[in-house]
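Next up: some structures, all given as structure tokens.
The following pair of complexes shares a single chain, chain A, combined with chain B in the former and chain C in the latter.
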Partner chain A sequence: MILRNVAIRHGRSALAAPLRRSFLRSMTTDTLTHETDALSHSVHNHLKETHSIEASINQLNLTKTFVPPSDAGESLDSIKTDYDSQQRLNKRTGKLGSAVEKGYVPDALVRNPPKPADVTLELLMASQSHLGHSTSLWNPANQRYIFGIRQGIHIISLEETAAHLRRAAKVVEGVAYHGGLILFVGTRAGQGPAIVKAARLSKGCHLFEKWIPGSITNGDQILARCDIKVVDKDDVDITSGFEDKIGDWKALKPDLVVCMNPLENYIMLHECGLNNIPTIGVIDTDADPTWVTYPIPANDDSLRCIQVIAGVLGRAGQEGQGRRLEAAKTGHITWLPPPGLGSPETAEDKKAAANKVRRGPPTADEIAAEQSRGKSSKQEMDDVDGEL
Partner chain B sequence: MKVSWHPATLKETLQCASHPQSISFSRQRVINIRPRNFTTSTRLQAGIAAAEIDFGGRTGKEKEPPFYARLVPTSASYFTAQPLFTDDLLAVQTLVERYSNLPTVKPGEAPRVAWRPLADYRDSVGEVVQASKYSKIIHALQRLNHIQASLMPEPVKDALNAYKRNVNPFRNVVKVAPIDKLGRSLGAGRRKASTARAWLVEGTGEVLVNGKSLVDAFGRVHDRESVIWALKATDRIDKYNVWALANGGGTTGQAEALTLAVGKALMAHEPALKPALRRAGCVTRDPRRVERKKPGHVKARKMPAWVKR
Partner chain C sequence: MASRSVSPGGALLRASRVFSIPAPLQRSAVEMSSTGGYTSDTSTLPHPIHMSITTPQSSLAKGDWGLKRPLPLRSTTKSSTPVLRIQKMDTFEHITEFGSAADHTLSLQKFLEMGIPLTTPQLKESTQSHLDSRARSVFEDAIDTTGTGEGTGSTEIDARWKFSGPWLAGQTQGEFNEYVQKEVRRRKQGFHEYLRGACSVALAKERREQRASSEGADELELNPQAEVTDEQLKDYVKSLRQDWTELYRHIRTFLDLPPASSVNAPTEIFNAMFENISTSLEKDSTVSTSPYRDSGPPKTHPSAGLAYSRTNSTLFNHPVFGPQSSKSPVQARIISPKGALHGSTNLGVGGFVTGTPFNDESFRVSSTRGRGRGAMPAPMVPGLVNIEPDKVGGSKVYVQPKSATVNPQGSVILRVVSAETGAVDVKEGNTDHYKHPPPPALSTGVRVSPRGLSRTLRRDGAGSRDFGLSN
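Entry: the complex of A and B
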């Protein structure tokens, strides 16, 4: 249809346009009739051709519903119909034509973050994780992570980055597997979406605004109004039976903190240190790697690098949570309830919650197995605690 | 070659270099090295105190397995200390992102919406939300409000309605006073205890207040000027006739009530004069009334005179 419009418009303009003066001058009176005949013939042919093209296009039924835009004032309805028809057209003709190569999609890393297995040196380099700071700004503690100097800035060794990132992914996965609470922190401008995505994947918490000092050391004051809930082994909410205990329960503390910009969050890392909370941090060449438990030497100024790291750790957490729920389905519980929480207050509540947990009555074998598992899981927890 | 101070692996390499036949031996040795356990906590815990005595296990009485329940934050924004606000912000921003491809109206052409004020929002979430943070929500809402009305998706409508004020002041259109078939417009005004009505008709500048001419009705020149101030400020004294009724109060009150009445009647004829009339002070009602007398005072504020003894 568009093609037809173009052809008709051009045909019309070709007909309407005055002949060039030089062309007229070159023509004598006797040749003039021949020339005009030839011209009219060619125009006729041209029109015929456009008609045939139009007919063949209309046969395709691709553009039957398309109405060419008119100048006579667009009403709201026309905008809606235009939009709908455009959507239909895109849907039908989107696959036609040449294949477009992959372009740069700014939020691709946030929408579909890479897995720990996808971490390659190429990916890290493409996301600019090797660029450090000016050599004059370095912290000598990072010497072991530095590959060399180029154009006055330190280049971080990508092998170190990849190794440390994989190790951190293992830690995140382990904490998620053991039912820990993971907090992702990235308070620089633009880090929010990646942080939120990572927290959503790993069922953790996110923080993309300022860390309120004392949220861990003085949490009972600062987080007093923030609600907590009780979940069972399958992460299903237990709605009744714990109201009183939740009411005067202390504020929660994270079991692992992942910090994308340790330089700005010293207070938070210090609080984590005071409470024996392990931390993972992106350490640029000007940061102090001893502030965090598990450093990841990388460029913390690049949003793409942060998106890769947050994405990888988020995916690792997702994997850990998935494994934990899988294990819980088979009756293997990888965590221990917090001391003092106990069981629901009334027997009915307990029964209601227990019905959710277990469908049939447990056999003696199951109980024994569970007990041994409980012991082993406690052992594992201790190991993890010690390790962290 | 003296190799005793080298690290183990390097030592081994050097040994291999100097004595090629000893490779198998050294590999054997490497494999047999026990993996080092870096964890000391279990041993430490065991060392601090004696292990817990299990009274139930030995006697055959099965220990009841623990009730598996754990505590988690209700919201992922737990550590922001403003979980409800942060969740709201993320919800709105998610909508903006999801519907960013829908056609929008031009920047000035979106319907004007009065958003809920910050204090109202604070009350509803019960958190101390800074104005700068609430403005982020408003910013996202304004972007959503620019989506074409006919293509507005349901979730966006719901989100917008949740943040709209219950009353939209921008839909409140000022009623225009009508002009009757004889060409008269009626305006009413009040000042102090006086009320006044003024009918304005196109004419030559005659003024009748309560059936009397302006000179007869008001003795003070200032009051006479006040009555026709709306016409004087807009240079229309000789274009309209005024027929007015005023009652209650005193002369000043009646004159200034008439100012308002004439001004409003004039706006019915020429609505475009409103800004000029507002600048001239013929639109706003002066709310001041006589202040009440207080006990212990002679008048509203006057104190009794101080008398010696």
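Entry: the complex of A and C
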């Protein structure tokens, strides 16, 4: 029984035509005559074996009715006529029937997110942005955003949401225009696609899994293996000249963090506060609006609301980036390179540096500059600690 | 009344779908019983108290119900009837409380499939003799009105189903005392003013009658605005104390009480005691013709929104056998055979529990106690007497639903009769033992007009038997 099955399973390959004549001909060259002879001999043997297998298989009951597939298919003429008739049919009947309109697409907000100009009260209400939390869960600091109580939950005012969302969009656009690095964070289940889309639009970074504590305050350790690249004013990678500097460059810090669920990301927001990184957060009625710099009072549980907010901010970032590149084309550069990066190293620079090392230790001026920079940054951090 | 101006967002929110979810009704109170009722927190309630919510298939797959948060897929996508009721939009535990609303939703669907109209409740037998006892549709104009208007006559009151006062006959003693102490006492002054108006009307009427008898003057003098002195009012009240019928009419009008069941009403007893005072003609006028006088006025519209058809007089057109004399029967589940529960037999028809058709021969279950065993006629439906444990899915019987009523407690009272044999056969497809009518013989020599052919068909085919079958 197994043998029969084998015959049926592999019969097609066993019974197929062995080798094409054209293939044999192409291999026949003057220099390889003896090899081709050997090949043709082996092919002959193979044919013989195939015939013997064929004979044995044909004796089987099941395969007696089996018709081997023939490669003598349709001729080219019939294909052409069929194709032509099909085209004629399409042309004559294509306009008949009813037009099928596009139906409701649930993830349209992710595929084609709305622009900041598209933010309307209707859109916000349709995306459930007004549904706050149970009245027993509220944070009184959100009182100014709350419209009223209905069905046991607080209702967030649509006007407040729209105004704060537009302001946050302006912030994102401004940061993108000035070449800042924007980090989109949404660590709840289902927020991933919207977050990634927003980050892609605004050429930023995204995080839809756990925030590793210390990624900002201890970034040199945690993000040590992350890649850094240097780009020019038109966002084209500069591949040479910065290898040494990038090698021991510190981990990057975002210039703006957009957080969709501040309640679960308090540590990240705290780190941002320590490092003077502005934050935008979706503040539901149970969250503390002082955790973020620019709150957006809205429902942080509904995925549709998160998709709208992330989409709007992503579109704003896209607009800012576009404007930045436009300005760069006209020669107006809206951002400054980080201090200490300098111009790309050339061969002469390296040679000069080598001479400098041979000559002696760094001068007192350079050491003083280094120390003052370290002190100042430390001073800043202390100030931040004092404020918090 | 000027409407408060609201912000654009507020106006939007007011029109939103989430805001239009009505507040849940109270659970119907458990009946007071010394034996302890069969109550359960999870049982299907007699009437729905939450709104049923559903969502498109594409959104259901994402858990998007338009609520505070997406609902969990594991518990919502497995059901073949994804209809939910929302108990709480958000709770302290950060969850949306929901449950399946498939029970009431499917019951409504089955009810609509049965296609039966909602009728007025049946009146008590003793009072039906001299009145129209037919069950009428609740949508008939004569009994479907809510307007209070000026009409205080018995016909206007009998046409209404909505009253602001309570149904006194349905109140317990405690409820009645509370009503008298809290509501009625508060309106004492108002009743005095009402009586003063009634007194002036009565005086004017009296004056007119006097004048008509003495002079035969015209009726222009009917002026109820004449000032009523305290003496006149006192006399009028005294007269009312003697005439209970009139007093009750005034009380009922003032408190807007629904019509009472008149059989044991005090006026009836009074009339019986002093037959010389009130004539039999007055007695008839005090009996309310309202269909809700025995069961009490309904809480909602008497149809309760279950169905909107006025009549049962529709024809079932079978695709093969043509128009049928009775509608397609409904398979009912025999819930409790005789003696299993309170000695009554209950059927479950389309999600509603009803009794057996009591005047039907096939459902008659005779008791073995009074008679000898041999004399007992076996009922046609075996599952009615004993539980049939070997029946897969339980015992079933075909019935024909006739009409339904929603009682003031909100439960549906269904009336069924036994299904006709032919209808059951058509429903089940057991029509092989019926002989098909022979095709009409067309003699070749005779010219038959199309009209003549149709007449022949009618005589031979569908017209001869009820179900288009002949045996």
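Criterion: the second predicted complex is superposed on the first by the 243 of 388 C-alpha atoms of A that agree within 3 Å, B and C clash if a C-alpha of one lies under 4 Å from a C-alpha of the other, contacts with A are read in each partner's own complex, and residues count from 1 in each chain.
Going forward, a contact is a pair of C-beta atoms (placed from the backbone, for glycine too) under 8 Å apart; a residue touches a chain by one contact, two chains touch by 3 or more.
If you're wondering where the values come from, they're calculated on a predicted model, not measured in any experiment.
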| item | value |
| --- | --- |
| First (chain B), second (chain C), both or neither touched by A:A199 | first |
| Which of chain B and chain C A:L341 touches, first, second, both or neither | first |
| Partner contacting more residues of chain A (chain B vs chain C) | B |
| Partner chain(s) touched by A:D301 [first = chain B, second = chain C, both, neither] | second |
| Which of chain B and chain C A:P140 touches, first, second, both or neither | neither |
| Contacts of A:S157 with chain B and chain C, given as first, second, both or neither | second |
| Contacts of A:Q128 with chain B and chain C, given as first, second, both or neither | second |
| Residues of chain A that lie at the interface with chain B and also at the interface with chain C | none |
| Footprint of chain C on chain A - complex, ascending | 104-107, 121-122, 125, 128, 130-134, 136-137, 147, 150-153, 155, 157-159, 190, 299, 301-304 |
| Complex interface listing, chain C residues touching chain A | 7-10, 12-13, 16, 18-19, 21, 23, 56, 58-59, 61-62, 64, 66-70, 88-92, 94 |
| Chain B to chain A touching residues, read off their complex | 38-42, 44-45, 62-63, 65-81, 83, 86, 90, 102-103, 126-127, 133, 148-151 |
| Contacting residues of chain A [partner chain B, same complex] | 76-77, 79-80, 83, 179, 181, 183, 196, 199-200, 204-207, 209, 211-212, 215, 222-223, 225-233, 238, 242, 246, 249, 252, 254, 333, 335-338, 341-344, 350, 353-354, 357, 367, 370-371, 374, 379, 382-383, 385-387 |
